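Chain IDs A, B, C and D follow the sequence of writing; residue 1 opens each chain.
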Amino acid sequence: MSVTAKLLLHCPDRPGILAEITNFITVNGGNIVYLDQYVDHIEHVFFARVEWELENFAIPRDKIQDYFSTLYAQKYDMSLRLYFSDVKPRMAIFVSKMSHCLFDMLARYSAGEWDCEIPLIISNHPDLEPVARQFGIPYHVFPVTKENKAEQEQKEMQLLRDNGITFIVLARYMQVISEQMIEAYPNHIINIHHSFLPAFVGAKPYHQAWERGVKIIGATSHYVTTELDAGPIIEQDVVRITHKDTPADLVMKGKDLEKIVLSRAVSKHIDRKVLAYKNKTVIFS
Amino acid sequence: MSVTAKLLLHCPDRPGILAEITNFITVNGGNIVYLDQYVDHIEHVFFARVEWELENFAIPRDKIQDYFSTLYAQKYDMSLRLYFSDVKPRMAIFVSKMSHCLFDMLARYSAGEWDCEIPLIISNHPDLEPVARQFGIPYHVFPVTKENKAEQEQKEMQLLRDNGITFIVLARYMQVISEQMIEAYPNHIINIHHSFLPAFVGAKPYHQAWERGVKIIGATSHYVTTELDAGPIIEQDVVRITHKDTPADLVMKGKDLEKIVLSRAVSKHIDRKVLAYKNKTVIFS
Amino acid sequence: MSVTAKLLLHCPDRPGILAEITNFITVNGGNIVYLDQYVDHIEHVFFARVEWELENFAIPRDKIQDYFSTLYAQKYDMSLRLYFSDVKPRMAIFVSKMSHCLFDMLARYSAGEWDCEIPLIISNHPDLEPVARQFGIPYHVFPVTKENKAEQEQKEMQLLRDNGITFIVLARYMQVISEQMIEAYPNHIINIHHSFLPAFVGAKPYHQAWERGVKIIGATSHYVTTELDAGPIIEQDVVRITHKDTPADLVMKGKDLEKIVLSRAVSKHIDRKVLAYKNKTVIFS
Amino acid sequence: MSVTAKLLLHCPDRPGILAEITNFITVNGGNIVYLDQYVDHIEHVFFARVEWELENFAIPRDKIQDYFSTLYAQKYDMSLRLYFSDVKPRMAIFVSKMSHCLFDMLARYSAGEWDCEIPLIISNHPDLEPVARQFGIPYHVFPVTKENKAEQEQKEMQLLRDNGITFIVLARYMQVISEQMIEAYPNHIINIHHSFLPAFVGAKPYHQAWERGVKIIGATSHYVTTELDAGPIIEQDVVRITHKDTPADLVMKGKDLEKIVLSRAVSKHIDRKVLAYKNKTVIFS
């Protein structure tokens, strides 16, 4: 397959948008290899993801963004994001002490499942340095205290910039991310957390879930916003448990779930198939 | 199969309890056809469900409860519940206006899936009377207002007593049950409610779930306690949704889920396989 | 919402098809309220489902089919199906002796969940006549023997024609449908059958599944083709089981699964969201 | 927790077995920390898993097997397996070229999730040697041809013996294991394979599943017997797919499923919670 352009967009729904855009691509020699669209008939918003081959496309790739912006962005009050298949997203992984998500991600990366780069891992603890070394990825430790937090995050952000990081995955990183970093990567920081039916607040949620005798535990992966654990949800899943599961069993089943749910969310993000809108996501097929 | 006795018990865990009880049944000619036990090694509580044929059992059935109480209840600080397979539980169904759970339950009852009696249906609205009539079950309407609520519930409880009701199923009954009725049927009132990850408080939860873009919705069936929706959970399940589901789709998928989850919980209760302890349940196999 | 037209189509994929069609609808005053499309990039086939309001649509409804046929069918080698939202599909249900699927379907119909008509139920046994009567639907018994099978099916087909039946649901109908009837309702007869991992041939599959100790049982709903149980799959689902489930438990769990899977498939069919192509289906969102 | 003994047993069901055994353990000072039992009332077989602390147990650990054999094995026609918590199972992993299962297993091992040893990895290809080196585990390559197969397997078996291997995991090992090796490790070789509803024979099953438009794909982990893919099933699971999934998507989803299902099966085996009987398994809680 030749290099492709991937366009994600949303705008107020009006008749003819899709016709106009697909027509424009086709007329200019672009071969559309993917098209998924969705209309929210309640909010009246149109969403689409179009991918086409650049090989015979009349518009030079560095002008495409301009053309779409000029032709459609204002006319339709449209938000656009454009990607090229030969430009890989660059991921930074943030970890603390738990390795299950990190291993699952690095195994996929190492096996070639993910079309991305992972230039570095950042942690507030040295514990997982051996895992990083095992996979040959630089591991940077920034111990965080109440006093040095702002300063350490400055260094982290410098490191992210120096490495051209385009998105961040919090793989069980047990630190709250500052507003400043969140705003530097809006809808580009992916987090994973366990979820319960009903929800439990306070410490030791798995123990609370056990005391309450829940029959299902879940995990949720979402983009990080400034409101804690309340950003747009990318992926969720659950696993059944019984009264025979101890709190330790719940933790183990929760870990298995977390790593799969997080990796699914990251896969979708790498494939440019997630479009965050307001506080929800459209997940293209 | 001959008539069986079903014994459910729990007590502080001590060595030899199960040996003693199964030995006692066996020595007295009881043929054990079912045995499931579980030890909570965190709280140190022993739970068991034993079922045996009465055919050659040396102890008369009306003395069995006495024997177990005398022999074990005090010695082991044991709570006991005894049932006989030829004594059917008698269920009252409470409904309001939604029919999906009611139809599912009456279809099972009508098809002989459930070994119980359903002498009556109680409602605060006349809407589902045709469904009751269709299945030939008496339908009693008790419209509830703030003023007459206590009085109406008195009449309902009288009706339950007159009909020898042993447990109640709230099949989308949109009224809060009073403490008095809950205490008359402790861990014998089964409710169903939708559940979300994360939880949503306030009105129109399906609409909130849609706005939040959740990827999963759930349903929880539980025993009713005086704390709203916080009683011991019997059964839970979830269904996946996507951004393409409208709030109306969510409601429909939620209804399908609710009826199945509620019916599973009711089945377990009818089979005497649920043992509530503190605020959780042991579900025997 | 005003009356809508629903157009389902597929054709060899070529650039610009969707643009042309949506443009045509829009230009002629049709307000598109739904659009889902899918390109099979392996077989190079384009599929779409478009729904638009007829209120201000310039083309009279009885000419729409003609227009699309003339404009696109030949040009794009396109197969088209057109429906109107105010013309309800008319379903005949075929049953034998098991009631679980029938009850679930009639309960949905009765509760207004399904936008269809059910003018009649056909059976080879009288057993479920009381259920039909309960819901007020005519029940026709055609006992089938090897000798009279062809003749009885003739009568059934006459009855279907007389009642304007547009599709048939085999709700655990334990008779093989003849080629003639299948060809009269191509991809319009929906069946449900249990499915196992691995598959079991021969009698008593649930007993075989139990002997094999499978951990999952499934159900598959599909369109009936002349090859037994091999038509395009509409919906499948599974339920977990354990070694503690008896063959009777498997049968019960299988029944619960069958009715839900069948009803989901029927819902999709009623909503005109299933497009069968070769031996598979595209399920629109 | 002190060292424990784990006893797995099965025998024809007779009254009093469990009472006798638990009584024997208790009387001799053993503190039972786990007991799960199951009676197959169709085949009339009794199964149990008992675990007790050895700290104050009157019988020396090297005599326990003798005692149980002498006291119960013949009397009850009982099959027994005894393990001690401080003797870890020793696993050999067989791989070919695909890394997803291997990574998942080594990540768990490396993170301390599994109470076992992995002294070596065997492969018919050199491809995954870097993964083994990364985790510091010896990797032995035995290229297999039709001519040298018997000879190579002899060397493999010598290696297994030299390393005290107690069970084997085929982590996508694309070679049929010989009867000789299977008989050396009866119900101790764990395999994983994809499963489909319906089943597909022949090459490229994922492509066949795609052509057939299945809505679910599965994976099955089982003990290897001399009949291909027909041994006792330990664990199964499925994942939903849609018409939008390409054969490549199916392969990817299948891989995610395979690794989780295989690891679950291996976990159960390591915990001594699987009892194979005839061609099925009892999975203790």
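Basically, a residue touches a chain if its C-beta (ideal position, glycine included) is under 8 Å from a C-beta of that chain, and two chains touch if they have at least 3 such contacts.
These figures come from a predicted structure and were not determined experimentally.
The chains in contact with subunit C and with subunit D alike are A, B.
A centroid comparison over C-alpha atoms places B as the chain most distant from subunit A.
Centroids of subunit B and subunit C (each the mean of its C-alpha atoms) stand 36 Å apart.
For subunit D, residues that reach two or more other chains under the stated contact definition are 38, 41, 242, 244, 285.
Contact topology of the protein chains: fully connected, every pair of chains touching. Of all residues in subunit D, only 38, 40-42, 195-199, 210-216, 218, 220, 229-230, 232-233, 235-238, 242-244, 246-247, 278-283 touch subunit C in the complex they form.
Taken together, the subunit C residues at the contact with subunit B in this complex read 99-100, 103-104, 107, 110-111, 113, 131, 134-135, 242, 244, 252, 256, 260, 263, 285. The part of subunit A that touches subunit C in the complex is made up of residues 15-16, 18-20, 22-23, 26, 31-35, 37-39, 41, 240, 285.
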